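Chains here go by letter, A, B, C and D, matching the order in which they are written, and residues are numbered from 1 within each.
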């Protein structure tokens, strides 16, 4: 295992220390592993909390700041944070208007956030939750854990963050979050496995001439293993299942071409070119885009595509100022 | 070779296409491989041109925009662009006040930019150049090619970009560039080689228990190969040669912890924590920092450290607004 | 006063020590199982959680069964995260609540506690038989435990039978297609691999039997 | 009128075709040499440049030597980049300027043209003997060419001698520590590897000899 780390068990604590040193505008609670805005929101504004396992940087800590999250809880690598982290964070960011929990749909995240919300309720804080489940690689069903929450989380945190920043109330913010979640879909692929530091070796073996289609963000194998293909074909294998799941024509779309952590920007731009060309052919109008590493899977090479069906209101919120380590514009 | 590409010979053209689609605020001349600001500077302002081989993204195209570069020429992967690209770009960005060429110190880049400047002079444009040479891994000498230009290029483009944006004249901008170059030093390391698409395999073999210290940004092997070490030791192997080369105490420093392309942010923050701790111990005051992938070497895993001895004026220029795909704040 | 058939608090504490030792020892194996159909952290999760839980028990030396299991459950909830944190945490919390402030436990009471624990797991995770989760090791283990006790077998015999049944349940997860947890994302590809949670749950019964046997 | 000893324009064109074919054929080898002590692009650079140059020559069918080499030099400068673009570009531009608007070339004039080319390379790159660059193949090749012509040997014999000397110069770069170009960053580690530019320059003389031999 080749990583810029010391002992595997110290990766999270030491990375948070570096984050804190690099971003004095953040208030990093190293004991509780909670990343907070240093300048808290005004009284009466809705707080936004997210969090999840680490290894997806910049998500979530990198999206804490004006116009996005008020706090993020960092779990161990690929392991949901715990309810008491959520309790501490919820309490810290509540400004009397309640707190929205943004949860990615994984059994662990959902259960821990549920318990965290119960604890926060015992503290007298009104908590609403949105569970993001945008991954079309996974079949949705009442009898399973349902679809995973992946790339849409980034877009949702930005848009809902703008709504909370401008003073919308908890019900409105929670409804908006649910609406965004209903209108977004993602699909990912891997050229290589990632290596969890504590495991010390790649999560799966992938021959040089194969790739995984339909991966999530935890280094889990995908839905199928197929022969390595040119970027053009990979783009089709990501875009087609998304368009088959939902109609994205007729409204402007926000598109993210996300890198999984080890794919360089020169490749991500190339992939974006392929994806944009396919979307144009399919009649999808791209209003805004993001290209880069936003929700990663440690050192996995690969990428994912996220589409969000937008409208004037969502675009307005998207364009609103945001000042975080991972996303910044307008200020 | 596992990459998100089609044919190796099309990587650059197709990546530029994606960049153009992702950033409508840029004017990408696909034929000449020149990336320009769409909203040109006002008449009478100094133009800033940089460029070099591709594979270092976001450098240089990702640093084109308000407050930074006016244009960047993209060469083939790891191959300097050609004089006629520089001629076209210089002509396009000259607003009657001359153009500064920012050149990294590689034989190819220097020779091609020299020829480009000669061509621009024939067009009647006043051109000044700065050759960045900040890599302490390489001994400086009159009888060799001298030190390489690496991470400092990013900091220099930002600072000099702010000076040009606020209307300083060509002599002032060129002097500032020379001053910044004199006050900055870098050192890099690799955990893995990168793979040049046209070569199809890693540039060098590196056993699982070894790393390269003193690498540049072109996948070349470093100054020495040493046993793989914890982040703490790696930080020392990068910081010590920099501090041995130049005294960084007594003035505020701008520090960049840069990823080489395939090292995830969780590791880069961890490394930044180690570097910041070493600098503090050495009496260096960090005024500003950057952590992330800014000047990369395709899919190489590893990182580099850059220190710039600053002062109030450099910090003021650093803090000035910048709006580019790769660096953005204040607007 | 302890009768020959009751299980004293010290044995329950010993169980937790043994379970901690087992997940620490089998940590890489659990992670390997989780690599195949999950995210390669189950070994680290269980080892981290049980190490913290046993430390906490040693610091606080709970005086009764309810406190003991509450300490373990709370520590797991607050140190593990992931799916196994709330699930194992709830399991132990419910066991503690069911046993109450006693210092020795009748085998039947222990079985009732384990049933309460499993109900907690189901309430949290909604798993059913055949979903390829730790339920598939625990449920048959409890059936075997109940049956053995009903037949009048000793606590040692009954917990040994439970461990055997847990292992059989665990092994039976190999052929299953996962419907809950992370492995469910793999669909048909999840078949052919043992569920990591059922493997750690089997260690829970192995160590219970070993502790009771003394 | 061409004398038995002059080299007609068609042979010069053939030289360039052969050089193009050689760098395309040896592309992977040149890149491999550049991987060891450089940045793994010399093969791609030379193949891209010479392919474009010969295409341009075919499109424009230059009528005289100066135009022919100017076309090649300009195309290399504008398509290669890197160190080899300006260096090989300047080499050919200077050869063209030295030969002038002729349609056949005396061997001595060709030698003079090559000397002018090498001077151009030195003016651009400041390389000296022993710096481990293409200079170390070209300079001994020109010495051998001059010597052979001075002895009255035929163009074919003289260019063959030049090729042999280039190869010897190229092989001698293996032991050198680089002082110019990218390999210089490696310091002592650059020793033990052949300089890629001296390898492509040797192909230039190999193909000249082959073209002249017919």
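Here is the rule we use: a contact is a pair of C-beta atoms (placed from the backbone, for glycine too) under 8 Å apart; a residue touches a chain by one contact, two chains touch by 3 or more.
If you're wondering where the values come from, they're calculated on a predicted model, not measured in any experiment.
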So which chains count as neighbours of both chain C and chain D? none
Can you give the whole-Å distance between the Cα centres of chain A and chain D? 55
Averaged-CA centre spacing for the pair chain C and chain A, given as whole angstrom: 32
Rounded to the nearest Å, the gap separating the Cα centres of chain A and chain B is 29
Can you list every residue of chain B that touches 2 or more other chains, as numbers and ranges? 77
Could you say which residues in chain D touch two or more other chains, in rising order? none
When you draw the chains as points and link the ones that touch, which shape shows up: line, ring, star, complete, or other? line
Every touching pair of chains is listed here as A-B, A-C, B-D
Counting only contacts in the complex, chain B reaches chain D at residues 53, 75-84, 106-108, 111-112, 114-115, 135, 137-139, 143-145, 148, 196, 198-199, 203-204, 216, 218-221, 223-224
Chain B contacts chain A in the complex at 2-7, 11, 14-19, 21-22, 54-55, 57-58, 62, 77, 191-192, 208, 211, 228, 230-232, 234, 257, 261-274, 276, 289, 291, 293, 296, 298-299, 301-303, 328-331
Chain C - residues contacting chain A, complex: 31, 35-41, 43-45, 48, 77-87, 124-125, 179-182, 184-187, 189
